[in-house]
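Chains here go by letter, A, B, C and D, matching the order in which they are written, and residues are numbered from 1 within each.
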Amino acid sequence: MNKALQVTELETEFHTPKGVVRALHRVSFDVQDNEIVGIVGESGSGKSTVVRSITKLLMPPGKVSAGTVTFAGRSLLGLPEREMRQIRGKDIGFIAQNPFSALNPVTRIEKQFANIAKAHGVKVDPSERNRALQLLESTGVRDPERVMRGYAHELSGGMAQRVVIAMALYLNPQLVIADEPTTALDLTVQRQVLDTLRRLTVESGRSMLIVTHDLGVVAAYCNRVLVMYRGSIVEQGLVADVFVRPQHPYTISLLNSVVRPEDETPYVPDGGETPDAGEPESPDPSKVQLSEARRS
Amino acid sequence: MIRYIISRLVIAALLLCGLITLSFGLVSLLPGDPAVALLGEYATPADIARIHAELGLDLPFWERYLGYMSRTLSGDLGHSLFTGSSVSGEIMTRLPNTLIYLIPGLALALIIGMASGTFAAYRYRRFADKTFTFWISILMAMPEFVLALLLLFVFYQQLRIAPAPIGMLSSAQITPPHVTGSVPIDAIIAGQWATFSSILGRAVLPIVTMGLFFAAPFGKTVRSGLLQVLQSPQIEFARACGLRPAQVFRYALSDIRGSLMTYLVLLFAASLSGAAIVESVFSWPGVGSWSLDGVLKGDVPVIQGFVLIMGSTSLLGYVILDALITLLDPRTRSKAVAGRRQPRERSTPAITSANS
Amino acid sequence: MPLLELVDVTKIFRTPYGEARAVDGITLSVEAGETLGIIGESGSGKSTLGRLILRLVEPDSGSVVIEGQDVLALSRGELRKKRRHWQIVFQEPFASLNPRLTIRQIVEEPLVVARIGTRAERRLRVLTTLEEVGLSADFMDRRPANLSGGQQQRVGIARALVTNPSLVVLDEPTSSLDLTIRASILRTLARLRASRRLTYVFISHDIETVRHFCSTVAVMHRGKIVEVGPTQEVLMAPQHPYTQSLISAALPVVPYAATVATTNLQGQIS
Amino acid sequence: MTSLGGRASNWAKQSRAWAYKRSGTVLVVVAAGIIVGLPLAAILLRLPQNPLQPDVESMALAPNTVHWFGTDGNGMDVFSRTIESARLDLPISLAATAIALVIGVPLGLFATTGMAGEAIMRVVDAFAALPIIVIAVVSIQLMGGGATDVILAIALVAAPRFVRLSRAAAISLRSSRYVEAAVAIGCSPIRVAFNHIFRNAYGVILVQATLTTAGALSTIAALNFLGVGVKPPQPSWGAMIEDGVSMLIRGQWWAVAFPSLALLVVIGSLNIIAGAIENKMERVEHTR
């Protein structure tokens, strides 16, 4: 099998007025063709930072300080923003967590499809529009014609997420990155959306990297899993191996907290304290950014 | 749709009646007697009684109120106690003089504010942003007339490239033949382009004053609004789809469009008030200096007329704004058009501008 | 006699766009010492039901009886006096704590309001309650923003328990927390239930949590309870189609992992 | 997550961060010093020249060792007059803000619902549609024109803003989770209003009060510039600027420049303090 994505020794830092905070420690993994890889971890573990570092969507004060990201034979981190922009949306599709905050509320859905096409130099004509319609239909959107002509707020959560998926897949990307794609959805809808996602990615020759905190999603949909804790990958391997024979104490603690919460003792890292008992957890870097923007 | 617009208009009409009442009430409470103001302290009781009768001041309160209301609604704003000229006529001839610098001034503020605010937001915490913040803080601390005088000193007194602050026309210019009474319009009608361009030249400093003064708070609003929206999931998704920077900026702008428009109308209302000050610095014969004169002399119909015209202008601004915001946003439009619009708070950003 | 009894409780939200029956004729009873789980998806009306029980929202019709007391018959003042016996823990721990108060002020407030104890007695009570929920005395003078999510929720639990209530409504108390922290909060709640003989109404959208935590479960769908019964029965053999679809949609973490993992852990420790 | 860098670079970074933080504090202390110090200086200190004494011998003198800021067209000392202006201008704007606060905040906090609340908001809206300077001038004319009248007029103009602000704060806080929690533990409505709503709203109100003081100062200066309000010979920055315009046109900048600078510094100081309070409030709430 070929490697669609290879990440080696990735390190990311956040430069705050209080000093430098390292968010990722030597993160290395790969995603092969036709495979779904899950990243699990708790809030602040750096799983979203991995995704943003790969796609270079990290906002200041975040900065990748070391490592390489190779996608389809090209090294991404050295690419100028211009070329990176061409890769985003066309070669790497991105699915956001909350569809309502991801879609533009005042632009018609069809216009948003057209904008994506235009950005990548694809001519917007009726056949192109038909392709979008078909894509919407294949993601399970009922009455795609009406959805195309409407706005995001007219859709239910599940339908809106399907629209987002269709947009991410619009230009046939080889790799799809999904950041908690079903967290904002209800249980019954979650399963349908994930099924759709699986059908449209690996079953159509693509690969997918999926970030989640839900071990059930990983167990049911992923081939391989990366377990992240405080900015490092503490364990990775086939889901069947990791979930049945977890090696790292944190993974064990994570699995136990779901399966038998009544007699689980939280994982305590060497020399550290339980995150919940002593000092507050280290701040989630993405939240640091936001609160600073709000301040000004 | 039609139902929605009608409901907006009805509300506007009700507010207009309230405004008329307010302007009547405000001035009726003036402690001084307009007749005394007009005739001087040594007027005989007979003279005062005659003036009272002329002005209708001897009538009971309700009759005066209803009379005022009906006259105002039919477009008659009365006559100045001092010059005897019709208030609505004066406003009609002077309003173009004010608008000739006010509109370009606001447009300038819009351009400077938009450009600098956007630039600062994209260069958040870098040198350009810090420079921007520094100059904004200075401009925000500067009252309008101080800014006007500073510009005057630099460009007229020192550099000698701006004309003297003595109004729209220098004595050398020929006054165009009287058609509408408004000098710039008459100049256009008469085809006196030299006169007209001289007026424009003299309007440059007032325009720059207005432009800089209102660019500061507007730019600040643009910057903080953009900073927030540029961090939003919506913009992240747009970038993740590979949209061009210009497209991303359009998405960001559409998100803060409503609050920017609201702010612009607030600035417009504030600028009508600032007009009095700018006009007194530049001896500009607009509505501002005229009304100020009236207020200082206690010229009741002038005050009432001015309060009414300015109030209803900004009222109209608010109504148009409210309708535009509702109709431009598909989320509120569908509800409004269905005719079952929820009463909602208009989100007016607090004005932090010092003079407004 | 059941501790909590709801009969035909209905709440209709009226908006300019029409009426929404958030809670539609619900009849329920909870025995003392029992934990009733209410499970449902967003918009099913489960949170509104929790607030109706405590009369934080006024029902349109029906009756709510707690410990033989008709809650809806109480006057505002009487209701305030009774609140110390019936408490609630909210979903968002940070949002439910006043950011300007210290932890001590937050936990002490129910005692102050109910005029319980002298200043020193209250202080002691706050201290012991905080310890009971797993927080040391160091936390007393901190503010909510300096605590982690799990710690904030412990404060929320301490505030609910400081007046020794008999009934506690838990409105998704762990859904915004991380997995490992979720487990330890649930254990704390279970321990308190045993030591204080509490009755819980546990609102959740997570089947796994309800399976481990509740003796009885009620499934809510569009304002109605579609199925109610002992947890194991309902989850093992669901009768109503909605419950069935809910359970089939759940994504369990491979069940046999647990035993293996535990042996592994024990192996490491020894 | 851990902090990075060797000991040396760490130290350099920390000291830079310290200096950065400190520079903000220094700025606020200086700003507060100006706001408190200027009026105190005007009241307590003996000014180098009599600010009310015209002198035909020394008209329109440029800044020199005797007249540090020069003299104006009547030969009065600009430095003494600039300081003396703080005696009235600052207290008047503070008093006006205080009155506006006392009227506006309770109206806003308690008029959140019902017909009374709606009516109050409509009046506030109508006020927003009126040109403020004109309203201020009209009401000062209406009342006479002494210092108290100026205070009342400015308070009248500023109060609606406080109504709007505190009402918005009260409405958003009333639906907040912790206010619901307070109701759930049995707090009385008065306790909820003070311990939970006001305690969290006073930050925004304080910021607005500081900005309003700055705005009041600017409005007072504008009124005095237009010749309304405090009567001569009592100096005020606005009136001094107005007096100096004819000198300015001739190139004698000092009679306008120094009172303008005083206005700029004082208003700027108030803005800095408002910004600092806002920052502080944010930090308390969002330390996470």
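Observations
Throughout what follows, a contact is a pair of C-beta atoms (placed from the backbone, for glycine too) under 8 Å apart; a residue touches a chain by one contact, two chains touch by 3 or more.
None of the values given here were measured: they were computed from a predicted structure.
For the pair chain A and chain D, chains touching both partners: B, C. Distance from each chain's C-alpha mean to the overall C-alpha mean is smallest for D. By number of C-beta pairs in contact, B-D leads when B-D and A-B are compared. Per-chain CA centroids place chain B at a distance of 23 Å from chain D. Centroid to centroid, with C-alpha atoms defining each point, chain C and chain D lie 48 Å apart. Mean C-alpha positions place chain A and chain C at a centre distance of 32 Å. Listed for chain B are no residues, as none touches two or more other chains.
Residue positions 286, 288 of chain D each touch two or more of the other chains. Shown for chain C are the residues in touch with two or more other chains, namely 146. For chain C in complex with chain A, the residues that touch the partner chain are 41-42, 134, 146-151, 178-184, 186-187, 190, 205, 207-209, 212, 245-246, 249-258, 260-262, 264-265, 268. By the touch rule above, chain A contacts chain C in their complex via residues 42-43, 186-188, 190-191, 213-217, 219-220, 243-246, 249, 252-262, 264, 266-267, 275-277, 280-281.
The residues of chain B lying in touch with chain D in their complex are 15, 18-19, 22, 26-27, 29-32, 137-138, 140-146, 149-150, 152-153, 156-158, 164-165, 266, 269-270, 272-274, 276-277, 280-281, 291-292, 295-296, 298, 303, 306-307, 310-312, 314-315, 318, 345, 348, 350-356. Of all residues in chain A, only 55, 57, 59-60, 85-90, 94, 96-98, 101-107, 115-116, 118-120, 151, 153-154, 164, 167-168, 289-290, 293-294, 296 touch chain B in the complex they form. Residue ranges on chain D touching chain B, taken from their complex, read 122, 125-126, 128-135, 137-139, 141-144, 161, 164-165, 168, 171, 208, 211, 214-215, 217-219, 221-222, 225-228, 238, 241, 245, 248-251, 253, 256, 260, 263-265, 267-268, 271-272.
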